[in-house]
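Next up: some structures, all given as structure tokens.
Shared chain: subunit A. Partners: subunit B in the first complex, subunit C in the second.
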Partner chain A sequence: MLEKPSVIRHYRWHVGTIAWLLHRITGLLLIFYLVLHIWVIHHISQGPAGFNKVMGVVQTPIFLLLEIGLLGCVLYHAFNGLRIIVIEFSKEGVEAHKQIYAAMMAVAIILFLIGGVPMFIHFLHALAG
Partner chain B sequence: MAEYLFRIFRYDPEKDEGTKGRVQEYKVDVQEGWTLLDVLVHIKWFMDGTLTFRRACSHGICGSCGMTINGKNGLACETQIKDLGTQVITVEPLRGFRVIKDLVVDMEPFYDKLYAVKPYLITYTPPPSDRERLQSPEDRKLLDGKYECLLCGCCTSSCPTYWADKDFLGPCALLKAAKFSLDSRDEGWAERVNVIDDKHGIWRCHTIFNCVEACPKDLNPTKAIVELRRMALRGRL
Partner chain C sequence: MKFPRTSGGFYAWLFQRLTGILLVILLLIHFAVTHNLPKGGTLTYAVVAPRLATATWKVFDLMFLVCALFHGLNGVWMVIQDYVHSETAQMWIYYGLCTLGLILLILGAITVIPFKA
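Let's turn to the complex of A and B:
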């Protein structure tokens, strides 16, 4: 018997698959951020000078840009997480998971624009020096 | 009607040993109203007698002809060629299972999971002496969308969680578990919950919904899993 047959065509992507995959990816990125965050904050034990030095690094333009990405990850993970909670605990949620996804993502995108646009302007200012 | 190109997965355990299988292409002049099963039968009878696949009823009842069609699971006998909307059609065996030959997979692990959830009515109180066990129409309605399953394997084999964890009971077995657990006459919850309330059981599902998309009978195994989770949670509280 053939254990692992070759695949001719990859399995079709459905809304649920994409929602789950992005949830996984943003979750892993958030763990990475958390480690980075703790590493930065731990410099506080080195007094004001040490802390300011590392803070200087994370306020460079590249980090300001990454922060917009962080906002995106947080919003996606939070609102898709909310979708999963609604699916699990509401009566009709399982049937309407695609509509719930659309609604949650609409809110997430609005919040992303509200937060992301000023952050991007801030980044442009930092770039200009 | 029109000529279509079929790209079909082939694996002959005698000739293709040591390989991961191959693709064979067939050009078929598809007639009006043909299903994919009609095409496969046509190939087997008139073009290449070695092509191997399962089928019995040809009418979406026996659940033998589950396969991956253009990257999505479904029954060959319920798939109209012209509804697929492509001139090139790929046909693969159900994934997540071992391939015996061509489109025939080993369903044994799938059945093992089914037996594990005790898919039968369990009762301890004896039935009334003068009639069968009665059920109200409302209680019967709870089983709609749970009992129609053909055991074709399309759902379990579409589940990324099952691909990654071969011990996962899978959507089909859990749908069956829900069917009996939600039955007002059943008294087997205490036995069944031991099997499904497990990290390879109801809690393994990531609500990816591939099973719902794949089910040829439009059933909702994810809903069944969510319902079982609520029952298990209520039992713990």
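Let's turn to the complex of A and C:
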């Protein structure tokens, strides 16, 4: 009888495993957001009053804070997704997968700061009223 | 009923990547224009409506809608296949995801297409 190798019984926490798990988690959060987003934006069909009412709700401080997390999810998922494509389509990509991950994450972090810092300031202003 | 245990094969894999690349581009435009990042600002009907009333943005938003729904629901389907192993359960989830996708596609389309500011 064959014994299962330990790699099948346990995940091993390499860079690729963490990248994969975070891709999965951010992906599921994003589809959940997409459903809500389509539903919220649908209110524009009701005209200015209906739309501004629902937009007022989703622009309260708690939502402004959550939106920064949303930006983080989008940027991680986007740039890790590009990493996956690069690795799948090039031999060099497979060999340098850790460096590619680092480079993609560097771009994602820079964009997160460019977008996230003004969003956080906007959140603080909303919080102060 | 026999339900094929595949991810949809080559085309599901290919379109996940094509829509992925498109979504990166569409999202960057969406953030820069719709959300006016990095400056930001409060979104109201007065800000959003004039843009949504133009044909260019209708096309943009519909493309966005189709790509995001396919990419998202195909992604969920991939995750489901890793954890749900019963063929019957997979079948019901698959048709459930297709139905959800169709409802959201219609909801999005009736928001965007007939809109007048």
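The criterion applied here is as follows: the second predicted complex is superposed on the first by the 117 of 129 C-alpha atoms of A that agree within 3 Å, B and C clash if a C-alpha of one lies under 4 Å from a C-alpha of the other, contacts with A are read in each partner's own complex, and residues count from 1 in each chain.
Heads up, the rule we're going with is that contacts are C-beta pairs under 8 Å (C-beta built on N, C-alpha and C of every residue); 3 or more make two chains touch, one makes a residue touch a chain.
Since we're looking at a predicted model, the values are computed, not measured.
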item: Partner chain in contact with A:V74 - subunit B first, subunit C second, else both or neither; value: second
item: Contacts of A:I114 with subunit B and subunit C, given as first, second, both or neither; value: second
item: Partner chain(s) touched by A:V35 [first = subunit B, second = subunit C, both, neither]; value: second
item: Touched partner set for A:G27, first subunit B, second subunit C, both or neither; value: second
item: Which of subunit B and subunit C A:I87 touches, first, second, both or neither; value: first
item: Partner chain in contact with A:V15 - subunit B first, subunit C second, else both or neither; value: first
item: Dominant contact partner of subunit A by residue count, subunit C or subunit B; value: C
item: First (subunit B), second (subunit C), both or neither touched by A:E95; value: first
item: Subunit B and subunit C footprints on subunit A, overlapping residues; value: 88
item: Touch list for subunit B against partner subunit A, complex; value: 7, 9, 11, 13, 16, 20-23, 68, 70-72, 90, 92-93, 95, 98-100, 106, 158, 160, 206-210, 212-213, 220, 222-223, 226, 229-230
item: Subunit B contact footprint on subunit A (complex, rising order); value: 1-12, 14-17, 20, 84, 87-89, 94-95, 97
item: Touching residues (chain side subunit A, partner subunit C) in the complex; value: 24, 27-28, 30-31, 34-35, 38-39, 41-42, 44-45, 47-48, 51-52, 55, 59, 71, 74, 78, 81-82, 85, 88, 114-115, 117-119, 122
item: Subunit A contact footprint on subunit C (complex, rising order); value: 17, 20-21, 23-24, 27, 31, 37-46, 48-49, 52, 65, 68-69, 72-73, 75-76, 79, 100, 104, 107-108, 110-111, 114-115
